[in-house]
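Letters A, B, C and D mark the chains as written, and numbering starts fresh at 1 in each.
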Amino acid sequence: MARVLALKEAVESLVRDGDTLAMEGFTHLIPHAAGHEIIRQGKKHLTVIRMTPDLIYDQLIGMGCVDKLVFSWGGNPGVGSLHRLRDAIENGWPNRIDIVEHSHAAMANAYEAGAAGLPLAVFRGYIGTDLPKVNPNIKSITCPFTGEKLAAIPSHRPDVAVIHALRADRAGNVLLEGILGVQKEAVLAAKRSIVTVEEIVDDFGPRSLNATILPSWTVGAISVVPGGAFPSYAQGYYKRFNAFYKEWDRIARERDTFLAWMKENVLNKGPEAFAEHVRGLRVAAE
Amino acid sequence: MARVLALKEAVESLVRDGDTLAMEGFTHLIPHAAGHEIIRQGKKHLTVIRMTPDLIYDQLIGMGCVDKLVFSWGGNPGVGSLHRLRDAIENGWPNRIDIVEHSHAAMANAYEAGAAGLPLAVFRGYIGTDLPKVNPNIKSITCPFTGEKLAAIPSHRPDVAVIHALRADRAGNVLLEGILGVQKEAVLAAKRSIVTVEEIVDDFGPRSLNATILPSWTVGAISVVPGGAFPSYAQGYYKRFNAFYKEWDRIARERDTFLAWMKENVLNKGPEAFAEHVRGLRVAAE
Amino acid sequence: MTPSYKPNEIMTIAAARALKNEDVCFVGIGMPSAASNLARLTHAPGITLIYESGTLATRPSVLPLSIGDGELCETALTTVSVPEMFRYWLQGGRISVGFLGGAQIDKYANLNTTVVGPYDKPKVRLPGGGGAPEIATSCGEIFIIMAQGRRGFVDKLDFVTSLGHGDGGNARERLGVKTRGPTRLVTDLCIFEPDPETKEMIVTSIHPGVTRDQIQENTGWTVRYADTVAETPPPSQLELETLRELHARTARAHGEGGSKE
Amino acid sequence: MTPSYKPNEIMTIAAARALKNEDVCFVGIGMPSAASNLARLTHAPGITLIYESGTLATRPSVLPLSIGDGELCETALTTVSVPEMFRYWLQGGRISVGFLGGAQIDKYANLNTTVVGPYDKPKVRLPGGGGAPEIATSCGEIFIIMAQGRRGFVDKLDFVTSLGHGDGGNARERLGVKTRGPTRLVTDLCIFEPDPETKEMIVTSIHPGVTRDQIQENTGWTVRYADTVAETPPPSQLELETLRELHARTARAHGEGGSKE
C-alpha cells in the first residue's frame, strides 16, 4: 500500500546511491520537484533512464549525480541542445558518463515489457541504423513462425521510478490523465516508486470507467507537491511554462551560470517553491 | 474511413466464405446480431477465433458455418457446457471442426501482437501444461539476455473482425467503454472490420481525454443495431439478460430444439429484432 | 450453538478464511467468487479482488454470473483491457492469490479442465484452460476449491491444463517457476496442504463430522494425513449469515437461483 | 501578383502541398508540424495528425512548442499511452506519412541526428534518434524537410540514425522493409524525389528564382536532376496568409517568437 510521505522523506527512504532510476513524464507531468530533491540530497552514481532526458536530467547530470544515462532523445524540446548533457559527453564535466542509446520505440517497448514482467522487449526496429553498432544491448530474435528477425532489447526494470501525477485519493490510488507517456509502465516496471501529486482528494468522484489509475498497492510513496511538474505542466491544473525552456538554454550554456542557478533555485530552496512557480499559470477550473 | 452500412450489406461485403473471423466481446458487448446475420447469409468454411466461444459461436458451429475454432475457454459462463460445440467436437455434428486451443493469456497476447503488427506474441506461459502437446503452434524463443525460455505463438491476424460498441460519431469514430476485452486489438489486428453500435451521435461530447476510441480510418463498416449485443449487454444502455444464458442450456442441448430455435429466431428474423429484445432491459439514463 | 450448514457452505467459508486483508486476489466465477467476496464482507474488508475481464479492485454487492458482469465494472477502481490484465497484472506478478478449480485434480494438485478421455476423441469435452495455465504459475500462491469425489480426485489426469506441483518435490523449481503453486485445497470434506518435502497434498484439517473413511472413499489416491490434523472450526453465525445474504441478494438480482457453483 | 515570401515559407508550403486529405501523418515538432497543420488549414481539412506523445487526430489552433503540449491533447480525438503509440499505431502500420528532418542527410536520404564526429568522441553530440529510426521504416512513406547547406547535405553521414534508401537500389527490400521510405525531400531551394531505379534523391522541382548553381553550392554531393524539372509554384496568397497567421497565433500563445524551426 502506498505511504503518504513528505518528498524529502520519500527520496531519503526510496532513492539510494547507485540505483537505477527512471523519472518519466512525456512533456506533460515531468517530476521536476522530485528531481530537485534528489539533487539536494546529493544522490550519487545513479544510472538514469528516460526517453527524453530534458531539463530534469540536464540538472542531475550537471550536478554530478549520474554515472550512466539510458535514453532515446536528449534535447531541449523545441529549443535546442541540453548543454549540461553535452558538456558531460563531450568534455566529461563534471564527470564522464556512460550512455546507452536507444530509439523511442525501443524505450517505450522496454518499459512495457518491464511492466509485463518480461526480461526482454521484442519489436520491429533498428533496421538499417547504426545504433546496434554502438549499443551491444540491441540484439535480435528470430520468429519461429515466419523467420522474421525482430529487435530484442532488455526490458527496463529500474530500482526506483519517480513520476508526477494529477492526484491521489485517500486510499493511495493515483490518477493520471491526458498525455500519459510511459509513467504507468515505469512505476509497474520498478521495484520501488515515488509519485508526487498536485493534491490528495477524498474520492476521485465520477470518472471514466477506464480511467488510468495506479492502484495503491502498486505505488511506494506519495508526496503532495503542488506545482511539482513546473516548468512542465499538469493537465487541468497549470500550463507549461514555455519561456523557462528557452531561458534554460541561457542558464545551462555555461557552467558558472548553471551552478549559480542551481544554488539559488535548488540547493537553497525546497519543494514548497513549486506552488509559487505555478501561481500565474493556473488554468480555470474544468 | 468507416462506411455506415446496413448490417446485411456490411456482412455481405466484408465477410467471405473461408475467412478467418474474430468476433470478440468479453461478456460485455458480444456482437450477437452480427452473428445472426452471418448465419442467415449462410457463410461457410470459416475459421473462427474467440477467447470464449460462448453462445455466439455455439450458434455458428451448430449451423455449420465453421471449419476450425481457435479458442481458450469454451463454455456457457456460469451455466455449463456449450452443447453445440461439444456435439461438433465429440460427434462431428453438423460437421467435424478442427480446434486450435490456447490459454486466455496466449489469446490476449496474440491479439495484442496482431494489433502491433508483429508476427508473434512472446509471453511467459504454458509452463507445465499439456497444451503444447496438442497445439503445434505453441513454440518458444530464448531470451538472448537471460536465457529464459518464453512461450511464442503466432499473432492473430484475422481477415475480418466483428465487434459491438457503444456508439459511433458522424465521422465514423467508435467509442468503447467499460469492460473492453480484446475488441480494440481484434479490429486493429484484422484486415477488415464491422462494428455494430447502439447509436450514431453527432459528437461524443465531453469525455475522458483518454477515452477508448477506434478512429474512423481503422474501421471498415459501422452498422447501427440497437440491442445488437443481446443477451450480452452494453454498458449504460441495457443489462445482461442472464436468464437467456440459462435458457440456452435447454435450447442447445438437443439438435432439434436448437434447429427449431434458430429457424424461428435467426433465419426468419432480422437485426431489428434486437431492439425489441432489450426493451425491458434498458438502464436509466446515466 | 453451532448453526447447521451445508457442505458447500463450509467449503466456501474455509476458503474465505485463508484470504488476508492485504491479498490481491485473481477471482474465478463460482465458489472462488463467493469465497473472495465473503472474505471481503467479513474479516478482509481491504482485500483487492481482480476478475480476468479487467476489473481492478472491484466490490460487487451481488455475485456475478459471468466473469464480466456490469456490476464488476461499475464497482471497480478501474477497468483495463484484457491484454493489459494478462500482461501487466497477472504476468507482471502483481497478484498474490489465484483461485482455481477443475474437473480433475491429482495428488500434486495439477488440474484438468480440458478433456475427459483422449484429447482427439474426448469422452467429455470440458471448457478448456481459460486463464488457468498462467494463473497457476504467475500468482504468488494458488488456492483450489473443489467438491471431493472419485470422478474428480483421480490418480492420473487425462490432461494437465494447469501446473500444480508437477510430479512433486521441486518440480516447479525445475521448470523455472518461482511462485509457490497450490498451498491449499479446500473441499466439502477437508483441507489439504502440500507436504513441505514431497509436495503431495495431505490433509491438514477435517471439517466437523467428516470421517477419514469418507475422505478416502471420495479420493482416487491413497490419502495421506499431516502428523497433526485439525478440526476445521465450524462456520460462525456471521460467516454463515453473510454468505447466505450474499447468495440471496445474488438470486434476487439474477432473477433466480443465483450463480451456479 | 505573387506575394513575396521567405525561403523557409516556400519550404513549409511545398511540404504541405504534398499531403493529402486522406493521409494519416506522424508529425514531428518544428517545420513538419507547421507543414502538416498548414495542409489541414488549407487543402486537406480531413488529414489525421498524430504526435508521438500519443495524441490521435489532433487539431491544434497554435503550433506546439513541444511534442506533448496540452493543446495537442485537448484538441485530439483521444490520447493513448506512448507504448501503445509505438506498438499499435506506428509499428502497426497505421501511419501513411512520416515527417523527418536531421542534422545530416546523404544522397540516399539516410539521416543523422545522433553525432557529428566519432560516436565515442563526438565533435557535436546531437539529440539522438527519438522516434526516427522506426518512423523511417514503419510509415507508408517519408517526407523530409531540411534547409539546404553543405554542413547538412553531406557525401557521407557520420552516423546513420534512420534508414532512407540505404546504399540505393533495392536496399530497403534487401533489409526486409516493405514501406517506401523517403519519397520527397523538400528544402528551401528545391524538391528532391528518389530516382525510380537508383533511389538517389534527384531534383524534380526548383523553387522560383533559385539556380542550379545555388543548389550545387549547398550540397555535398554532385546533384542530379530529373529529365524534366518543374518550377515549384510560388506560395499562393491563401497559403502564405494561413501560414503567417498560424505562426502569429503561435507566437502570441507562447509569449514570444513562436516555435523554433
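We adopt the following convention: contacts are C-beta pairs under 8 Å (C-beta built on N, C-alpha and C of every residue); 3 or more make two chains touch, one makes a residue touch a chain.
Here the structure is a predicted model, which is why all the values come from computation and not from measurement.
The chains in contact with subunit A as well as with subunit D are B. The fewest steps needed to get from subunit A to subunit B, moving only between touching chains, is 1.
Centre-to-centre, using mean CA coordinates, subunit B is 41 Å away from subunit D. Between subunit C and subunit D, the centres computed from C-alpha atoms are 57 Å apart.
Remark: subunit B and subunit C have CA centroids separated by 28 Å (rounded to whole angstrom).
Among the residues of subunit D, those in touch with two or more other chains are 73, 79-80, 87, 91, 138.
Contact with two or more other chains is made by residues 112, 116-118, 123-124, 148, 178, 180, 185, 209-212, 235 of subunit A. According to the touch criterion at the top of this document, the contacting chain pairs are A-B, A-C, A-D, B-C, B-D. Contact residues of subunit A toward subunit C in the complex are 1, 112, 115-118, 173, 185, 188, 209-213, 215, 217-218. Considering their complex, residues 29-30, 52-55, 64-70, 72-73, 79-83, 85-87, 90-91, 110, 114, 119-120, 122-134, 136-138, 159-163, 166, 171-172, 175-177, 254-256, 259-260 of subunit C touch subunit B. If you check the complex, the residues on subunit B that touch subunit A are 116-120, 122-124, 137, 139-146, 148, 150, 152, 154, 177-178, 180, 207-212, 235. Residues of subunit B touching subunit C in their complex: 26-28, 51-52, 71-75, 77-82, 85-86, 89-90, 101-105, 108-109, 111-112, 123-131, 134, 148-149, 178-182, 184-185, 212, 233, 235, 239-240, 242-243, 245-246. Of all residues in subunit D, only 22, 24, 48, 56-57, 73-74, 76-80, 87-88, 91-94, 138 touch subunit B in the complex they form.
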